[in-house]
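Before we start, here is the structure in question, set down as structure tokens.
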Amino acid sequence: MKSPVYCRAVAPSASVLLALCLVAAACGGDSGSNRVNNNDTEVAVEESDTNNTTSNEAETVAPTSSAPPLEGAEEGTVCIGAACEEPSTDAEIAPEPVRGGTLRIAVEAEADGLNPATNNFAVSAYSIGYSIFDPLFGIDSEGNWFPFLAESAIPVNDGISWQVQVREGITFHDGTPLDADALIANFEAMIGDPIVSLALAPNFPQENRYEKIDDRTVQYNLIRANAHFPVNFTSQLGMIASPAWLEAAAVDQNLNQHPVGTGPFVLDNRTQDVSTRVVKNPNYWRGSEDVYLDAIEFFITTDPALAAEQLVAGDLDLVVTSNADAALIIGGSDDATAVQNVYSEENFVMLNSQKAPMDDIRVRQAITFATDREGYRDLITQGTEPLADSMYHPDLIWNNPDVVQEANMPERAAPLVDAYCAEFAQNCSDGKVKIELQFSGPSTLQTRIMDVLSAGWEAYFEIERQQLPQDQHIVETALGQFQVLTWRQFGEADPDNEVIWLECATATGLIALNWVRLCDPERDALLFEARATDDLDRRVEIMQQVQAEVNAAYTYIFLTHSNWTVGFRNSVKNVCGQTGPVDKTLLCNTQGRGFYHNVWIDEG
Amino acid sequence: MPDNSHSVKQLSVQNLSVRFPTVRGTVCAVNGVSFELSQGASLGIVGESGSGKSVTARTLMNLLPRSAEVSGGVEFEGADVRRLARERVKHFWGVKMAMIFQDPMTSLNPVKKCGTQISETLRYHLKRDRKTARHEGIDLLNLVGIPEPKKRFDQYPHELSGGLRQRVVIAMALACDPSLLIADEPTTAVDVTVQKHLLDLLDRLRKERGMSLILITHDLGVARRRCDEIAVMYAGRIVERGKPEDLFEDPRHPYTDALLRSMPRLNTPIHSRLEAIGGPPPELINPTEQCSFAPRCTLAQADCLQSVPQLSGVIGMREIACFYPANTKRGRRALAKNRARGKTAAGLQMSARRHTSG
Amino acid sequence: MAGSGDGSLRSEGDMLLTVRHLSVEFPVGRKRLLYALSGVSFDVAEGETLGIVGESGCGKSTLAKSIIRLNQIKSGSIEYQGRNLATLRGDELRRVRPDLQMIFQDPISSLNPRRKIRNVIAEGLAIWGDRQGVWARNHVEELMVSVGIDPKLGDRRAHQFSGGQCQRIGIARALLLDPKVLICDEPVSALDVSVQAQVLNLLEDMKIRYGLTLLFISHDLCVVRNIADRIMVMYLGKVCEIGDAKAIFEHPKHPYTRALLAAIPEPAPTVEVAEGDISGELPSPIDPPQGCRFNTRCPRATEICFIEEPLITQLGDQDHYLACHNPVIS
Amino acid sequence: MAQFALRRVLQLILVFFVVTFVAFASLKLVGDPLFNLVGVISGITEEQCEAVARGELEDTFTSGGNIGDCALIQRAKAENHLDKGVPQRYGIWVINMFRGDFGTSFVNGDEISDIIADRLPVSVRLIVLAQLIALGIAVPWGVAAAYRANRGFDKVSTVGSFALLSVPNFALGVILLYFFSLRWQIFPSRYENHGWWSEFKALILPAATLALGLAATYQRLLRTDLITTLQEDFVHMARAKGLSDRHIMYRHALRPSLFSVVTVFGVNTGALIGGALVVEQIYSIPGVGTELVEAVLRNDPPVVVALIAVVAVGFVLVNFLVDLVYAYLDPRVRSA
Amino acid sequence: MNVVLDEAEAKKLGCIFWLAVGWLGVLVATTSFAPLLPIEDPSAIATGPARSGPSLDNWFGTDALGRDVFARTVYGARVSLVVGFVAIAFGMVVGGTLGIIAGYFKGSIDLIVNFAFFALLSFPGLVLALLITSTFDRSLRTVSLTLAVLAVAPIGRLARATTLLYGEREFVQAARVLGARHFRIITRELLPVVMIPMAALALLGMGVAIVAEGGLAFLQLSVEEISWGVIINDGRGIRDLQENPHVALMPIAAMFITILSLNFAGDRLRDYFDVRETAF
């Protein structure tokens, strides 16, 4: 009887890959559009998990100490709203925390399940997930990893292997101890899952992927050296679940809705598509006295603007969103504060370099030139998001200031189109290049985006719109059955995470995670060099060069930097003051993912 | 009746008029109707549809729609009925004055048990408790000759035949022992055999209870045997009033006369031609000032078209509203004149075959 | 009473319409049947007017509709000009239809409220466009004039006419196709007395003018008396008494006929009022009484009446047929 | 009555089969449910599979699992009977359903019976509340309008009822939400269920959204029927009995005038469920409507069919109830 | 006697009816000749500052993309009216035919047709529409036909009920007695009678279809063209309602007035022809 096992394994897997793709599919933070089903939108398996860097350097004791990834700004967090003058993020003059209370959070989509080994974790799942599970490693406010559940991570064999030791005396909510066997059980569960393993397996050989060193230590053996391996375990792949529960959940799929971790909160009850309630874990390993809230309730509100209004009206305490309307509503209220930072994805148009007419660089250039980025920024993001020129926010050190997106210059498009049409008349009509613009719907925001983009392109392109249901949209994107579409990704804390989207290995084949299917061996060489080194300057240099090459290939038309916003009522304190186990302040709001264990509510 | 001089005057209607304003004009349903009724007497009001007989009855019962404009006086046992209506006096209609309607099929509420509908009146007006009301209700059913009254009491109207239903209606009307019962075409919708029983019943009850009865009908024959007096209405007016035998044997108003002639009778030979009343039906909306029967009257003269003849004659014996009453010298002369002319003053063609009146 | 058998059929062979043992039953749920007509037999000679009387529920309207095949017939035959109407189907039946026309009780609802009366009257021609002969003789306007409707009013619709006028229009419609038999189902009961006379006169005129044979159904004995040559009295789906009008009215033999005559507000001089005093209610046609169907109300009922159903028999050699065990002997 | 009930049950069963089969057949056409089972590879064609098997086409991700393994697709199809014809699948579905097994969602593996148990009560409460509000408004309103038909109040109320009838419910829903919850904060803007009172408060606005148009419909029908009833002889009779207008209205005229309202009450249930679909959406109420829309959009056939079956059965049941109400309202129906 | 009492009110269509018809006429005329009128291209962006209120340049203001709401409302009317019209036309032809046939012939045909109507009604309409539009495409044709299918059962039931009511009337019997064939009876006797209540219902049904299109648009499953529903949906975000409510309110107002007109016209028509409101 394979069937139940099979079903469990396969059913959610779809959503993970789906999630992979979808981050971008819902470009522009459309999650909150009026679209009804957001179950699968907006999600991402942490791309960082696919790091493959080889490190030739000597073993470094964790945590690594690279320079801050920020350039200029001392902190990446921007605060807008009434409560900003009072630095609620500042722990030094923090008032006495108030204990008790329930934090009401709106998340914009429901997770299919909360099993990090089988379900896909979108921003919503992360919010719930981090309250129940602790990760092996965390990312601090400067963008560097540090051990969380782990005691230490030591590279051996030039970084081809890593020894990870977990802390002593930690137990899961169900009483099972956290030890080497638990790590192995989690690793096995993930690598055994067809889709989750997508992000994990490529880094590991077929055999001897790990060794148990002692009761608390596991050695992971990689294919090649990676100087940044622990980053893999800072997100979903690092969430460690009770092995007993994982085993049970492998048989009874329904248990995916009842996660068991080590986190500060324990699942109380969960109604799919409605709400999830977690309550304080009285036996939290870091001491339950630092967990101020009694409980957190997560509500599914698919319309971010409505959630923002509910926040303002006092029906909610905290909202995570990338929607411009929501950000503006929260920012415009005296009762709420919005926190944003630079660790955000980019919104861009993607051109399939394998599909006529986009296989011709002239056409790609022409459409890039004809793109009305300002129109997009002003009309779609209402000016809330800055224009993007490359994969990075200008405030990040990785950014190459010399790379400039060559949009809004339609006059340069004309000769290119003429030249192309002279050559390939069959792809043209009335002197315009015929293109298919694919987008996922139904969605008000997507439609508006298409309207704005088309308005710029119409002079040179004859646009046929193809609105597809989200799932079909992703299938066709992954299989390369598209010409032009909008997407959202990049902007990770660690640039090594972008490798998988750019390398040649994923540019061909049935399913290409290099969506635009452009293989550039030179670029690959650069990417792998960056992966192998721990030299920050060299890495910055390489990433800037990569940006220039991406720009020259005209496969991405960068529009804006998305703007992840954590909005909360002023009575909610310490949203950005979450700390990790070694007194590291956690990075606040990476693409909306949040920890809430140090939050308290002070109605006074 | 010759002896009604000593009976007590119970109801007095003086110059009653009812008008309904409509978009098309004012419908003059009743035009200056006056009559009196003694305690215990029975009056038949006979007329065709549109003659105003039902409107008259409904005026007495305060059942007219709000739009109706009523003038004239209605006095009942010394009380001004129209004032009672204005003051919304509660326990008058249904108690002193009751009414039954034409169709027994529709005059009972189909969704309520017969018994409930009877006892309802008792409970509402006489404040009987449920039990007493039930007993009295069953007694009433007994009184109107319904077999198995207890069973019938708990049945719904649709479970009863037409005749029984009309008896239930009568029982309902009699519940509070009214001193006047108005029966509006009580037997039109039932078969002849049943009609006979119902009329007998009404007659009996009237006599037993000393109740007055106004019997409204289109059928002259029905009124003939059951009434002390008959008023014939045409176009909202009483055109002739008198004792039944006088009216039948010696009709004076041309309308009464024509009506009687137009009815097929058992004693006329088979295939004998009926004397139909020619001409158009009366105009009710904004009628002209003339005898309303004139356009159809074989006796009509020029002056019939000038003014409305008033009801006159010996009150209690015979009153007629006509300038040229039929079966009189005057009438015969008028007829002869018209025949000579070949048409009446109103332009009605005089058929050669038409029998003379008188 | 309420007898069976075809004893009422006259021996002469020139009957226009001969109905034999006609039975009609309607299902009334739960597999129960309403016995609307049970073995009715009678005949009509050409040019004759047969009056059919009885209380509501006696089956007289069902009889009318059955003859012109608006009802399903359970059994029996309807012979018309040598053909059995009861078994005709489809187009055959349709072709016979113009010969037998009907006038309905409710003059207003028998006219389509949305059609001009000219078209209503001319409907027969529209259906039988090929009947040139008919067209030649009975064109619509002439017919309208003859029934007393001003042809100028032809563009009006039914609601603009009075009941009497509507009935005239109905008569004109029925006469257009030059029928042989005209069935009048309570044609005047919805009309005022003064109008009733006009319509009755018109029917008489038309009968003579077009050589019609009439089946005249009414609950009003006076009306029937005026127009009918022969009378058939029905009770609960059966025939009680049938015969020459004069005989029936002057010498009613059947207790039910007498009861009817006695109940008229101006009773017939031939019967004593007391004699016709029948009591009780009409039994349900769903569950009719055994034996003679009148036995529950008959003042003369004896034992046999509850057991055996009387057969219809001729009284002597008169045109007077009767179904009763205990007839009134005058 | 027994026969009547039997007929209704038969009808219920038939409707159930017809509706679910149609839904089943039409879902066959909807997108590819396989996607939810196997993910992106569901888009791979059989030719491509064969090409991969022959090594002609590169399978990028064989290392990361068995994505390119087309057997996966075949297995997923077989296990969910997607390889069979519609009638066969329908048969399997029906048999399982009668065993009490509605199956599981293709998307998140939830037991559909759990989904129904979660969602149905909320929707039922919403619809019942809406109907109660509608009737509560419509009956006194209809009576008041019919009492003085074509007079001042009636004329004004006619305009009012037509206005209500003409407001699209989605517009009304958004407007009510905007003002009553967000601006004035009289009612909660979000569905919550901490006990009946909080749920009641949360359901009032959505119920009112549904109810206002409905109330206008009922009022129109009731008014017309009441006007007709008030011209009936038995009402004249009641008036002749000297009963007060109020007594006549409520004790005599109202009950026989409720037929159209009751009929529409039954027939409208379908429309109401449709309306609830939109209204639940606006107020984010976790009812059958939202789940149905979500299931359709996320391509989750088992859930869609099960919910449609629930709705259809609900519709027939309501109409069955309506028949019972008829029998209560009209004794003639009872004995027929 | 009752005649006098009941007919106190003479029959007139009344000025409200003509007002309603007038609005519908103006609407149809405006939308038919929209391309000839001097109005903006409804899909041109940035014809004015985005999210600006009504002004002389943009009578109904502009929407989030700076498109002219007036032009969009006019063009949206085209689609909405077409959807409404197709729906009721189809409903009347198919539903009417089936209903009349069922009501006239009765028996097993009636049983089947009536059951089909019942089954159709037990499908929540919007769900059916949802299924169809998410299955096929969102073209005007699909959406119109979907709503048309939904119009069949209510109109059909009314046609059937009316036919049952009139089918036993004496004028139908008279036609049979005259020897009319079924087809003739249906087309000449019943159709004119059934048409009136059907037409009145169809007017109401057109409103229902227009609203249903709006409902579909609300779930974002309506046509790709500009329809009222599409515009309303575009402008119904909470922030849009706050900042530029005219985007949603103008088409809502247009829809409201149109449906009001349809309702009034239908109701007056019903009254005028003395159609008793049938509970369909």
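Every chain is named by a letter (A, B, C, D and E) in the order it is written, and numbering of its residues begins at 1.
The rule is simple: a residue touches a chain if its C-beta (ideal position, glycine included) is under 8 Å from a C-beta of that chain, and two chains touch if they have at least 3 such contacts.
For clarity, every value in this text was computed on a predicted model and none was experimentally measured.
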item	value
Farthest chain (mean CA position) relative to chain B	A
Furthest chain, CA centroid comparison against chain C	A
Intercentroid distance (Cα basis), chain E paired with chain B, Å	51
Chain A-chain B separation of Cα centroids, rounded to whole Å	92
Centre distance in Å when chain D and chain E are each reduced to the mean of their C-alpha atoms	21
Chain A and chain D, separation of their C-alpha mean positions in angstrom	38
Two or more partner chains touched - positions in chain E	2, 5, 9, 134, 218-219, 236, 238
Per-residue overlap in chain D, given as positions that touch at least 2 other chains	31, 182, 281, 293, 297
In the complex with chain D, residue positions of chain B that touch it	58, 61-63, 66, 90-95, 98-103, 106-112, 120-121, 124-125, 156, 158-159, 169, 172-173, 175
In the complex, chain E residues that touch chain C	169-171, 173-181, 184, 188-189, 192-193, 195-196
Touch list for chain D against partner chain A, complex	31-32, 35-44, 48, 52, 57-61, 63-68, 72, 75-76, 79, 104, 106-111, 115, 118, 181-182, 185, 188-191, 281, 284, 286, 290-291, 293-294, 297-299
Of chain D, residues touching chain B in the complex	148, 232-234, 236-244, 247, 251-252, 255-256, 329-332, 335
Of all residues in chain A, those that touch chain D in their complex	2-3, 6-8, 10-18, 21, 35-37, 39-40, 112-113, 193-195, 197-202, 253-254, 256-257, 271-274, 299-303, 306, 309-310, 312-316, 442, 469, 471-472, 474-476, 478-479, 481, 505-506, 508-513
